[in-house]
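Each of the next two complexes has subunit A plus one other chain: subunit B in the first, subunit C in the second.
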Partner chain A sequence: MSETAVSTGMNPDVDVKPPKQDSGRMKRIIKNRAIYMMILPGFLYFLIFKYIPMSGLVIAFQDYQAFLGVMNSPWVGFKHFERLFTEPMFFTILSNTLILFMMNLLFYFPVPIILALMLNEVRREVFKRFIQTMVYIPHFMSWVIIVSISFVMLSMDRGIINELLAMMGFEKINFLMSSDWFRPMYVLQVIWREAGWGTIIYLAAMAAIDPGLYEASRIDGASRFRQIWHITLPSIRSVIVVLLILKIGDVLELGFEHVYLLLNSMNREVAEIFDTYVYTAGLRQGQFSFSTAVGFFKSIIGLIMVMLANWLAKKAGEEGIY
Partner chain B sequence: MVHDKTIPSRIFDIVNYTLLLIIGLVTILPFLHVIAGSFTTVAELAQKRFVLFPTEWSLDAYRYIFSTNTIFKSLGVSVGVTFFGTMFSMLLTCLMAYGLSRKDLDGRNFIMFMVVFTMLFSGGMIPTFLVVKELGMIDTYAALIVPTAINAFNLIIMRNFFQNLPEGLEESAKIDGAGDWGILFRIVIPLSMPAIATISLFYAVTYWNTYMQAILYLNDGAKWPVQVILRQIVILASGLTADTSSMEDFVRPPEQTVKMAVIVVATLPILCVYPFLQKHFAKGALLGSIKG
Partner chain C sequence: MKKTKASTVLAIVTALAVLAGCGGGGGSASGTKQQGSGAQGESDQPVAITIMANLHTPEVPSDKIEKLIEEKTNTKLEIQWVPDGTYDEKVNASFATGTLPQVTLLKNAASLINMRDAIRNGQFWEIGPYLQDYPNLSKLKPEVLKNTAVDGKIYAIYREVPLSRQGIIYRKDWADKLGLGAPTTIDEFYEMLKQFKENDPDGNGQNDTIPLTDRNDLVYGAFKTVSSWFGTPNNWGEKDGQLLPEFMFPEYVETMKFFKKLHQEGLINQDFPVTSKTDQQNLLTTGKAGVYIGAMGDVSSLEPKVLEINPDAELDVQNKIDGGPNGFGVWSVPGYGSVTLFPKTAIKTEEELKQVLSFVDQLMSPELANLIYWGIEGEHHTLEDGQVITTEDTKLWDREVKPYQVLQVGGPLTVEGFLEAKHTRPVKAKAEALIVENNDFLIEDPAAALDSKTYNEKGVQLQELIKDATYRFMLGDIDEDGFQAAVDNWLNSGGQQIIDEFNASNEASK
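Then we have the complex of A and B:
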């Protein structure tokens, strides 16, 4: 194993000083054999279900045939990547991804911050906990449930929203089959499911603020808004920055399940993202190599974005995420 | 904090409390609407539109969905997958987390790096699918459990928890002649019950909500968990998605009340454990944010 230097440097020898470093390490390994046995199942899990698939990415450079296997399928170099970048669908997918990401950033990201600020101003603990109990609920529901409830409420056939529209004299809107309504619907569902849960980390940061600051500002005659602006917000600045950067790192992670559930033939042109495209092209149409290339491209961009975001965080004087 | 009793501050509080109450209600109204709607008759729902408390109670919708055994079966699958999945995941996670919490272990940093790297980069959907297929797991319940057995995030939370236990405990147990397995099962695990409860709930909710694994790995409709059936009945039945595979039991588009009843059935278990979830999950989410 290649970590020799790291591990021997890290661990002070608690046992009898060994004559040579290596025999001491051997002894320790033998002494810890039970510990290795404990790690083994988990280690195998990561090997089989995480690292073998990573090596399976080589089929992006092959014309993979199931009956030939990874070993014998012919190599084709960058053929599938060339196809990806010349496919008109590629730009649709890329722009869909970026637009959904921007909408998330603009309309979802501030919501938990505002909600946390509001909750933080509540002094009655019972009331605060009551509200928290309500807004956390959707987070535990699967996307299937969230989307199903939305469908029941938005459907043309006696959905409550359309009934209300009709009652107020408007025309019914076919939200579910409309390419115009897909994006607002997507973002609203993200807000509904995650905004409450998203407050937790901000509330924790706010709980650490010294109450003396508020006392002092109150004596100086600061209003509640000024307190929020000059005390609470600056105190959670670093948390906001870190979460923002994490979000940027996740630019391509828009949630396969969520989008896939909303996707239909009428909104495909605005709703198709990398994950849904990989699923359709790969598992539905059996283009294993091409869809692996698409997924590979996505993973690489994701990795670069995470590293870039982390570097930015450190640049901004914040602690990195790893 | 001493209360600020000036008039602008009072007004601020009133507005703030009112807005929060509205936000809270808006969040849960859809659930209440669906629950109430599922217990009423088709006629009442059509007539009153927004029902929060049914005047005409009816179990028709439930009778209808339980008239075939599709829902029963899928609930059974979900319960089984949740139970065995959580056990399996906890076993693997605890063993590995405890191992990795031992500071005197050679190779520890290497294995930790290996775990963390999977959070940043993955082989993706298709290569993972091919591995699952090679292992002969397609159309088996194992496919819903084994390929997602360990969540790297949960593993790190557990490891951090174990690492923060007082070291003297292990030392004194060793002096008393306990082996590593004994220390783990007789000392470390009993002392870590709060963390174990939290992570078990994390896993249980994930398994109950499992959907993607099922559509990736199970072609056989008889093996589908309740989430997939829910999608078939509510989302596909509206004739929306291009793919309308195997929906033998519900040919006619189901009534709103029926859809609502299926949603309630798929949601209920989570609402039942929710009080526990809330307490533990908030803690867990914070544990996770303090990464080690």
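Then we have the complex of A and C:
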């Protein structure tokens, strides 16, 4: 993609004289220095906050001791990875992480699309804006607040939901401490908080659709649903695919705060994920090397998933992300 | 068409990158504190001292007492307050990044155990040999210092706490109304809970009281104290000449069964495994619950809140509940509460260490010890017959005095001229008396001064297995076989090594 962008881009004479490409590139950079300057902050951001810290991963292969530092801590090879794979909790954590991710993908991912489609069909601009703002708001609440509110509502001791259930003659349900209810509760909270925010990009993509297409289809007698199916959805398809791939890359980013707040002794068997495990092992017990190894493993899985999704997207004739 | 698509995608990716940039990057330790040093030469120049301490109040404390300490010790203090709930994590993170301050508090014995490996690796100054040079620090009790020692060497100074503060706080007016006295056996205690549940003690005509209020803490909540009543050892116990963890004793299982019964019969708040301390106390102060098990001293902060809502309420305390074959017993801490360590990353030279120790020594002088613990006379307390009466204004107290109490070094047993309290509230006086009485019935932790490498490495994680199983048993999720399976899992995942190492360490120390 980048190659086509370059060759169809600004400086066709570069292609004409391939031997002098290097100096040509320099010239081009100098010529467009203002544009390159604009990239600089973003470039520095990724360099300083994302790439340089990655070097810290070496401690996953050491017995890191704070006072010895990275340079002097003893190397131990794959010891910490071996420990991870032989840990009795390992498969539970792995499957919990993957199941939560799948549920997220299945139940959360389509919601912003549906919501965006619905918002897109609203004719009264004022009403649309109002609803849009309302559905964004939860995104700005921290998980602490959201989880606290759910605790108050779902408590067995006078939680409003359980009181309602009791009033209607049902058994009270121990939502907070049940391994059956943890996953639905998690996904519902994610949807409640993020669905509105997730619509932004879809709405932007929908705004870019040529209105002429709609007009033409109306003339052909297409109903609202037909228009959504044949115009809106295909037009935002590439956006959906990109977001899907990125989402898959986040496979193991399930939100430490969120899960940690919901986690308790009663639902640990379904709720313990890599992030919470890293926290207990790493920060609470000071096992920095081990928790780095766990985090590293998690990232590798994430990378594999992205590459897989990207490859599939390309197979299906979409753009992919690289 | 293709090109526009590509550029849309690009735009989106950029937008996402920006969003991600805005969203990410939370957490991480706040900036490195500059450590003070280099002011050795001039004596009239205030010495800069950096401190990290746990904060027990929700608000940032006022610096009134801090200023007075600075004035009296000729120092410039920089105190980094960290909320108590996340204190250990903060210490670990600061340790990993080499940014611990000169005076580092650890909040309890468990935190100190976590630091053992680092201490052994020479990360902290060994202060044992210096203590005798200081008039006040030299008064710290050797037997308590020994409990904090690592491989027999002393690295920490300690703050005294009563050995056992555990007991019951209950609504005496409810008990009186139902014709119940203070419970003295487990059966009587159970009977009290049952009556509180069934006989409408608050007289509102509804069957809506929760007898016992507990929280998500197996140690400082109700569980461990009740387990003491049943005769469970404190963390570790001896069976057939071998040290074994408490949960391998039948008394521990008895305690779990008791809680399971309470939970099934609705005699305890149904959500106790996820109830916070604040919520737990609120249940009592708002008159929904009638019994609280924990530190009896809490009655002094609970009583005003209870009275605020219901002026007719009355709280009482009780400690001796007789359940085990050996009569009443109560678990104890090993003679110290928080400890203070002196990291070598922050204190570079012996010279500097002596300065810091001299500051800490001054904190233990009667004048400063009283200032730190009781605040300013006339403002935070008044004196009557040489005894302290603290202010009734709990908000003022929480803002200006209570946070600084963690800086206390030693305590009433080691500071000469440490003022005693005169309790204007009789129930507080009684609580203090019962705390002293507890000293005759202590169940001590035989492993307090022992060491296990495996425990240091993964003791906390392994303990989670037991904690989970204990809660699941109490809530009826698993039965005794299930609990035994968890114990077996604990043994196989390293527990057996912990047992062996503690026993070896025990043999070695004999």
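To be clear about the criterion, the second predicted complex is superposed on the first by the 234 of 322 C-alpha atoms of A that agree within 3 Å, B and C clash if a C-alpha of one lies under 4 Å from a C-alpha of the other, contacts with A are read in each partner's own complex, and residues count from 1 in each chain.
Methods note: contacts are C-beta pairs under 8 Å (C-beta built on N, C-alpha and C of every residue); 3 or more make two chains touch, one makes a residue touch a chain.
All figures in this text were calculated on a predicted structure; none of them were measured in a lab.
Colleague: On subunit A, which partner's contacts cover more residues, subunit B's or subunit C's?
Modeller: Partner touching more subunit A residues in the overlay: B.
Colleague: In the overlay, answer first, second, both or neither for which of subunit B and subunit C A:207 touches.
Modeller: A:207: touches no partner chain.
Colleague: Touching A:238 in the superposition: subunit B (first), subunit C (second), both, neither?
Modeller: It touches subunit C, and subunit B stays clear.
Colleague: Tell me the contact category for A:30 with respect to subunit B and subunit C: first, second, both or neither.
Modeller: A:30 contacts neither subunit B nor subunit C.
Colleague: With both complexes superposed on chain A, which partner does A:168 reach: first (subunit B), second (subunit C), both or neither?
Modeller: In the superposed model, A:168 contacts neither subunit B nor subunit C.
Colleague: Per the contact definition in the header, classify A:88: touching subunit B only (first), subunit C only (second), both, or neither.
Modeller: Touch partner of A:88: subunit C, not subunit B.
Colleague: Is A:246 touching the first partner subunit B, the second partner subunit C, both, or neither of them?
Modeller: In the superposition, A:246 touches subunit C alone.
Colleague: Between subunit B (first) and subunit C (second), which, if any, makes contact with A:219: first, second, both or neither?
Modeller: A:219: touches no partner chain.
Colleague: Look at A:285 in the shared chain and tell me whether it touches subunit B only, subunit C only, both, or neither; answer first, second, both or neither.
Modeller: second
Colleague: Looking at A:71 after the superposition, I want to know if it touches subunit B, subunit C, both of them or none. Which is it: first, second, both, neither?
Modeller: Neither partner.
Colleague: Intersection of subunit A residues contacting subunit B with those contacting subunit C?
Modeller: In subunit A, positions 1, 8, 42, 45, 49, 151, 155, 157, 176-177, 201, 204, 264-266, 283-284, 288, 321 sit in both the subunit B and subunit C interfaces.
Colleague: With touch defined as at the start, can you tell me which subunit A residues reach subunit C in the complex?
Modeller: Its residues touching subunit C are 1, 4-5, 8, 42, 45, 49, 65-67, 88, 151, 155-157, 174, 176-177, 201, 204-205, 208, 238-239, 242-243, 246, 264-266, 268, 280-281, 283-288, 319, 321.
Colleague: Going by the contact rule at the top, pick out the subunit B residues touching subunit A in the complex.
Modeller: 1-4, 8-9, 12-13, 16-17, 19-21, 23-25, 27-28, 30-31, 33-34, 37, 45-46, 49-50, 91-93, 95-96, 98-100, 102-111, 114-116, 118, 120-131, 135, 146-150, 155, 179-181, 184, 205, 208-212, 216, 227-228, 230-231, 234-235, 238, 240-243, 253, 256, 259-260, 262-263, 266-267, 270-271, 274, 277-278, 281-282, 285-286, 289, 291
Colleague: Sort out for me which residues of subunit A touch subunit B in the complex.
Modeller: 1-3, 6-8, 10-11, 14, 25, 28-29, 32, 34-36, 38-39, 41-43, 45-46, 48-57, 59, 115, 118-119, 121-123, 127, 130-138, 140-145, 147-153, 155, 157-160, 163-164, 167, 176-177, 192, 196-197, 200-201, 204, 211, 214-215, 218, 223-225, 256-257, 261, 263-266, 275, 278-279, 282-284, 288, 291-292, 295-296, 298-299, 302-303, 306-307, 321-322
Colleague: Can you check the complex and tell me which residues of subunit C touch subunit A?
Modeller: 3, 5-6, 8-9, 12-13, 15-18, 21, 25, 88-89, 92-93, 95-98, 114, 118, 121-123, 210, 216, 269-271, 273-274, 283, 344-345, 457-461, 464, 467-468, 470-472, 475, 477, 489, 492-493
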